[in-house]
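Consider the two complexes below, in which chain A is the common component and chain B and chain C are the respective partners.
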Partner chain A sequence: MRAELQTPDPSRSTETEAGFEFLNPHFAPERFPWPQVWGYGGSLLLTGAAVYLVLLHVLPAAGLGALVLALAGGQALLQLGVFMHIRESRGPAWQILPLGLSFVIAFALVGMSIWIMTFKWGAS
Partner chain B sequence: MSLPLGTSEEPLPIRFADEPAHHLAGVPLEFADEEQSLKITGFWMVLVTDLLIFASLFASYAVYRPMVAAGPSGAQLFGLGSAIAETLFLLTSSFTVGIAVWYMRRGNQRAMIGWIVLTLLLGAGFLGLELHEFAVDIARGASWQTSAFLSSFFLLVSTHGAHVLFGILWAVGIVVQVLRRGLNAVTARKVYTFSLYWHFLDIIWVFIFTVVYLGAKIA
Partner chain C sequence: MTAPAFVPYLLHTLFPPNTHRPTEIGADVMMGLGMGYLVYWLTRHRKWGWLWRDWLTTVDHKKIGTMYLIAAILMLFRGGVDALMMRVNLAMPHAPFIGPEEYNEVFTTHGVIMIFFMAMPFIFALFNAVIPLMIGARDVAFPRLNAVSFWLFAFAAALFNLAFVVGGAPNVGWTAYPPLTELHFNPGVGTNYLLVSLLISGIGTTITGINFLVTVLRMRAPGMTLMRMPMFAWAALNTSVLILFAFPPLTVALLMTLLDRLAHTAFFTLSHGGMPMMYVNLFWLFGHPEVYIVALPAYGVFSEVVPTFSGKRLFGYTSMVVSMAAIMVLSYGVWAHHFFTMGAGAAVNAFFGISTMLIAIPTGVKIFNWIFTMWGGRIRFTTAMLYVMGFIPTFTIGGATGMFLATVPADYQVHNSYFLVAHFHNVLIGGTVFGLLAGMYYWWPKMFGYRLDERQGKLAFWLFLIGFWITFGPQYLLGFKGMPRRMWTYPAGHGWHLLNVISTAGAFVMGAGFLVLVYNVLWSMRHGERDASGDPWNGRTLEWSLPSPAPEYNFARIPTVSSLDAWWAMKQTGQGRGRGAAALRLRPQDIHAIELPRNTGYPFFLGAAFFVLGFGLVFSWWVIALLGLAGVWAALAYAWFDHDQHKHMRADEIRRIEASMGRLPA
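What follows is the complex of A and B.
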């Protein structure tokens, strides 16, 4: 397979070298930075919600921890989508694939470290 | 499978910088140039590896969190107020660098530099708050030598802080370059990769805030 970069052609925007529609490059020129404004508001809202939920102790510890981690994950997706323009690229947006893989590895690394060490602390 | 480089009769698939940059209509400056566009993809790979470094530090923090030895636990040590202030500084700086890139796309160099400078001031404010928090902790006898918990805490949080410090120095260099050379495909790519880096640090901080500071209030 040739790795040659193709110049984006608006007339064939539904197909790509990669063959996956989600890798299609996407640029969003805006007359006013509304996405950034909404993204900022959304990030403040997500952080405020997490602090509020923790201070009120709305759930038992395990459920509350999972909930605020989910809010942090939403914050990460918001930053990636709104501010980091993850779909912008000259050809197919290849960065999406290694980034997704690194999320899987990161969660596996943290999750399995916690899991395996519970056996050690559990004995002491 | 053999690598095509140097062994193939075909020309290399990648064009190099001595060819004139051709700018495409409707595509931002930093992507219109083929080499700069490749460097942006390469910078995503830098962020991917950096993410794995932070994942390792989060894993060690999660494992060592109960190992407080004779020192304080997170619940005893961390105040939420300064962590919330640091979060607001970084979230706002993420927004301002987003606006800087938006102005860059419109070719407004002055506004872009103004928003980058504002971003760096917010980043410096964040660093000041963080260093103050560290100094207070250490004055209370909670240094990185006190317990495994505090070693992993200082390692995780100060690695992020060192990234922010590097980002500030890097962006000062980029601003100087833009002032001297103007906005072209190379300088636009540098501003764009800096913005990727800065938003990435914001994501890492949100997880530090959630796991370290909110986590201490949950447990």
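What follows is the complex of A and C.
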């Protein structure tokens, strides 16, 4: 556990039971939200970069698609880490399960959309 | 004295020719009279303060549910009148009632209103009215956001309905495909109205999805594990997940279209390298999950109504949960079946054809489970139960024709024809509308404290069911005869006339059903049987443990749940003898002070500010749009700094209320 994370309610701590530290509730301490400020700036930067890469056609279509997808992946990680408090939890990390579902759905939707829309590349 | 030069310009912009046709003037007069009477009534009875304090600023989920229900029924009326106008046109190919431009506007409005401003609020009405009561909670997780959701929906609906009065109605179909939506092909503000109002109501819908997801996951009474939840709570959970993933693609698609129109981008403009089919892809990425957003709550209602009126527990509860989750996940993998004819290739079409057929499996599981629940039960034929029994054969046929459409070669034959129109009305009326009406009749006593008259309700049901089949049965045949959808008239000697006349007659039978329904509500308000027990149907879930209507705080004491059908178990065992209040055995010392959310006006102002912003965007009047945006920020800033969000209700006050309802010795 990182030093800056604290345990707000010691009575609920299970640290005495060896190997179960991960069950402790952990929350980031309350202070001025600099990570969020940086995160907001970062997400704007990633979005702007995607728009300009496409506008300026820096790469052929397939490479451009891959690059934008990579930027989107970075964006997702940033949102989860900075704004969605993914590292905080109250007890077991239940959020992993719906998060997994989210990733399956997101990848399926994006992947299948690309697959469906490839018909145009053949036509043009 | 001559008027300044801008006056004729303004008059022409606000009231172009397509806002003063006779039908529209008639509707304007009706709306004016209705609103005038409302203002007169409120003033005469000094009800303005009551309206503001008890309704416009409320954060009580039960009242928000009531407001959603009123809005949904009003919108059902408007969408229904649009449907009748279309049907009249198609019954009279010799002398059409409305012209082609108006017909386009009418079917667009019909589709948008029925999906976004009738089905969605009706679903949220039921969620709000019963989900917290069912899971033993005192409110939803975020009561203020709940009010925000409602007012965003209400003002978006008002904006959409304003279109035909001011500026002209949209005429692009509810799907709003480019290139028809591009400015070049569709000048005028109608399309903007459609895009902006759906964007605003989409914000509200997303917030509702978050709200009910968290409510169901976090607010359940102690002991109510996930597998002890009523099926309707499962439906709310799955619907919320669908909303969270389905609405972003819609928002993106609508926003890109709006940018194409207002900022002259070219996302969907083919001549500038845009990709119109990408809109279609994004729209149905939303559109198919949306079908299940409106279907799953109906499944949830049926899963409550059938056990109650069969006097048995739900057959195969676990398989019901699993099949609903399976439908939720599968519904994300089928959207390309809406555009098989785009030409994406055999592999894509085969994949999406098969994935579509797969959905029939969990749906079939549910149908069989409802039938097995009835099997051997002592069935009470109430109105709600009749809707279920009408639903099962109707929806099964609708599902079968859906399988027909999922078969790609067959789809190439009948797509874009009246076969498709008949199919989706078959599942949306036979599934969603019957489900919502069943839910309305079932939970009405809980919402308002009296029953809807059963005889009138059954008459309305039979009119709806028979009218439905007279309307849409012939439309399947018209589809086979090659009649395309969305056509305003046809040559009279084409072989389509007789079937269209029959279909129109059926539509009027359904219209009569609606009138009986409204009469039923109005009659029962005065003469309906009061529900003193709080448990008029001998129910199984926790909402029936409460008085009807439930007090503001819902539960004087939060119940502890030990099994599925918690209230049934309490009535049978442990916690008491007999029906109704006695089974609760509430004691004065059980009652403690309760913290409740305090009413607030900012959701209403936020909605109003979004309305102004939307109006400015529709006409590209940027000053008005900026004013609206400033209002949005002001409302949000107020909400941010308003920390006084709770009020307390003292224990003796609660004891007094409970005693007045006969739940405690006075």
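Quick note on the criterion: the second predicted complex is superposed on the first by the 74 of 124 C-alpha atoms of A that agree within 3 Å, B and C clash if a C-alpha of one lies under 4 Å from a C-alpha of the other, contacts with A are read in each partner's own complex, and residues count from 1 in each chain.
The definition used in the following text is that a residue touches a chain if its C-beta (ideal position, glycine included) is under 8 Å from a C-beta of that chain, and two chains touch if they have at least 3 such contacts.
None of the values given here were measured: they were computed from a predicted structure.
Of the two partner chains placed around the shared chain by superposition, chain B and chain C are both touched by A:M117.
Chain A has more of its residues touched by B than by the other of chain B and chain C. On chain A, the surface touched by chain B in one complex and the surface touched by chain C in the other have residues 101-102, 105-106, 109, 113, 117 in common. Interface of chain A with chain B (complex): residues 2-5, 7-8, 10, 27, 29-30, 33, 36-37, 39-40, 43-44, 47, 50-51, 54-55, 57, 61, 64-65, 68-69, 71-72, 75-76, 79-80, 82-84, 88-90, 94-95, 98-99, 101-103, 105-107, 109-110, 113-114, 117, 121.
For chain A in complex with chain C, the touching residues are 101-102, 105-106, 108-109, 112-113, 115-120. Listed in rising order, the residues of chain C touching chain A in the complex are 241, 245, 249, 275, 277-278, 281-282, 285, 329, 332-333, 336, 342-345, 348.
By the touch criterion given at the top, residues 13-14, 24, 26-28, 31-32, 34, 37-38, 40-41, 44-45, 47-49, 51-52, 54-56, 58-60, 62-63, 66, 80, 84, 87-88, 91-92, 94-95, 97-99, 102, 105, 195-196, 199-200, 202-203, 206-207, 209-211, 214-215, 217-219 of chain B touch chain A in their complex.
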